[in-house]
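Chain lettering (A, B, C, D, E, F, G and H) follows the sequence in which the chains are written, and residue indices restart at 1 in each chain.
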């Protein structure tokens, strides 16, 4: 994949100088975030689980969040942590959990603010680039939270290749 | 207005006994919350403002939240505070600000966790009962945030009488 | 304004629309909370333990709390966490502890604000619905804290079926 | 009432030596705390206000707390702050507020953890000695919170002279 | 995968769809940040002031920071707040201070995490777009901190038009 | 040693009535606290260790603290936690650590604010009654911290029987 | 008094090279800190005030602290803030308060962690160099806290010229 | 290298008296800190890793920090913790991790504010004296972070003997 900066560089010298001072980062839009949290809540509700679904941007800040009726409030914090952790690390919280259990990663990583190793968080990627994070919490088991994320991501996967 | 508990009380003696131990509280649904934050973001976007819109339930916990593209992340915290404060106090943050300026309410109230007196937060009511809170942040002025809330509430006012 | 419950029972089109915007949640009363914390403190005191007993509502906010004379202050925080965790998860902290020990639940869940896996916290249910949480702390062992909770709940169990 | 230390001083030399290493502090009991919060909640409820009433011990730690049905959760924090501030300073929060307004006390004092100048907090004294603090929050105005405190204290004043 | 910028410039249907899901944000580079904090510290040192200089990116996260020898550690926090506030609001902290003094902006805005109205913070802009924030703290007066920022920005202003 | 409350009970009926509302708690004096932290720092310094020594009262609040020259600042927090934990639990942090290692006590107890299981904290008792806590931190090993505590306590043990 | 760096500079080239990488900072010793807090508590006790006295080092970390019997625990936090603020700013908290009242310094400076403008904090200087901070809290008025500080400093002033 | 205090001791009696009240501590300069973080970022960038590099002074306060383009913001916190922990303990975080895994050090030590056992933090020493701490975070593995630290330290090792 070519660098976006390439397009910008096709400019004057002055422009090129600016290009060294400024970079450009891709991040997901509210449109995509809304679509994902809506689909995840719907998927979980269809399975009988009342959940919180949260999408954060590339920097880990919340972009959209929905809490189903009867989803307990502690899930707000957990869903955000799952999304944040995934956006920061670039891989699912399930893998972080596995790494910690296997001793590959020290559990001390979990002391990082807004981090968790609970299943149910995945990065959102455009190709290989991380552009956000996605977390769901509230189902009776992280694998069930994860299933709702996967159902939601399936709907947009063609557009994120 | 009659008490809802009245409906429940039409039961056996055993049921009535339970009624003394348990109460029932009305709160807004995710459906309503989504409708409101979507409308508020759309209204502000139409005016050229990139904002965060947040709706909290009766207990002050976030129910739905959306952050427009280019809305800076500090607005996440502020929009939630506006919504939370309004749900707790039962009147707009604009009134709280006025009370503090006039010396009717000590500014010390602002030390309460998750409270703010910045314009742009209103309670959501069903009749006279507070069932949630609504906050918007990010426009260049609290009165502009407030205008987007009012536009959103207008769409549902008939259903909340 | 007529009651929502009426709408559910009878239900015109207009009413049904309102019912989609607002929901109703059952939670315990101060009357029940006071009865429970009083009984738990009395039970523990009778056994020679100075404890803190705390009852939270469905949303996890404290409803009533009592601290026996000579109960050390750290038990305030722990009793609330036990009650809060139970109300959020819907099962006793003893089960959470067992799940973590067995590896069924990652210990990372304990990083959730106000959570603990210490024995001595149980949900308060009306039938199968969680309407609050109950925690006791201060006895020399979580199973002893739990015994005081069970003694207190026994007094009201007929009314919560 | 004489100071307890007087009773201790009437001892042997060995006892006197201990007295130099150890002191004794009077603080209120759970019995008194329960009586006060129960009376304050009842008084406010009778006036139509749903409040939180909190009593802290001499060290500022909560001894008993009750939250009336429909009292919003933010009042939990505020009632504790009122009680805590009063126990620490030894005078009502109303006086602190007046001192700050008059410029006698810098507002910076309000940055102290768990402090507030909102009306509705008073110290609990045995004679002239502070043995606890009492706070109420939730009525529409601090003077109304204060009225419930005064009603509650009136019932026990003869026993605290 | 082709570059998004290409899509914007040329734009097939498929590409346009991606463009709706992903956006691109400009932010400053470490190269620019280092240049700025180095120049600010040098400028202040030349004037005899030991300061902290901090540059944050568009999202408010620290990009580069330097603390001169003998600069007291409290300035670390303050310099970051100045930079963060400026990046979030898009105007200097001096203007925020003026707005608060004039009553145009409620002081409650200062309760936002990582915010301050102390002089010595300015946004970093590329044209009219905010791409970061710049804060200096430690000189005996905010206007002196600000002078070091201005000296540093002067060196790069041609490249940020 | 007899309980002080015995001395109080030898009173008039009026006194007894007061006794039901008010209790008396023994706690250590500044004189004792100073003696202990001075001795602990001296003992550790003699062994070549630069430490922090902290004594808290019965309620867990710091009574006296000293930090030796060259003792790193992180030891301030740790020494207080050791003292606080011991005062709250009534047994040494070494025992808490052993209980956690053996699985008798869940590690979740360590999430309690101001708690630690690091060796080098012991309760201070008058007979069997806990009147404070004592913590030392900074030596290269908790057992070395503990040795300084024991050396200090030895000097006063006759007076605390 | 000459600067210490002068003494270092009289070295070999190798030494000078090191001197560019490493600097040396003067800070007060535990010996001095103990002397000061002991004297301040004694002075206040003699005047009938039960206070907390705290001395911090050049970096703002607590070096020694004593809390008189019957000094309420909130004074622990306040005394440390007074000492910390003075060590950071290099002038008394009384001057900070005056600056804020006069509008010379924005009140926003008080949001800095561990800062206060309450009277009763002064820097400790060796000549003109700040080597620590000194705070007292608990007397009924900051000017009374300050008097105890001044009494303590008087005893050592000849040694700090 | 001789201790600086030696230079001071060669003084008058008056000077010696001061020496008892004041001590001198060596800490690294901004010059050295900048050199180290610049080299570490360059080394990691050369290996294809976008990292944060942070150097703290002897007291654990940040002296210089750089975040490479595309380094995710959570690494800011982690790099500082690695540097802080190393400066406080005087040995690498890798050794702390090993001690915890082996059971030599209780994991409870990780609850200390700003501590971590993640690989990639080392103390900076002048001879045997700790004068700062160095942390890197962001590479896919702590050993890779550590390699960049070592590359940076290699450049200055001759000057820190």
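Following the convention adopted for this analysis, a contact is a pair of C-beta atoms (placed from the backbone, for glycine too) under 8 Å apart; a residue touches a chain by one contact, two chains touch by 3 or more.
Computed from a predicted structure; not experimentally measured.
If you take chain B and chain D together, the chains in touch with both are C. Put simply, the C-alpha centre of chain D and that of chain F have 27 angstrom between them.
Inter-chain centre distance (chain C to chain F, centres taken as mean C-alpha positions): 33 Å.
If you average the Cα atoms of chain A and of chain D, the two centres end up 47 Å apart. Counting partners per residue, chain B has 23, 25, 29, 59, 61, 69, 73, 107 as the residues that reach two or more other chains.
If you check each pair of chains against the touch rule, the ones that pass are A-B, A-C, A-E, A-H, B-C, B-D, B-E, C-D, C-F, D-F, D-G, E-G, E-H, F-G, F-H, G-H.
Residues 23, 25, 59-60, 84, 87-90, 103, 106-109, 111-115 of chain D are the ones that touch chain G when the two sit in their complex.
Residues of chain F that touch chain D in their complex: 1, 4, 7-8, 15, 17-18, 20-29, 31-32, 59, 61, 126, 131, 156, 159-160. Taken together, the chain G residues at the contact with chain F in this complex read 29-30, 33-34, 38, 41, 59, 61-69, 73, 76. Chain contact summary for the complex, chain E toward chain G: residues 69-70, 72-74, 77-78, 81, 97, 101, 107, 110, 116-119, 142.
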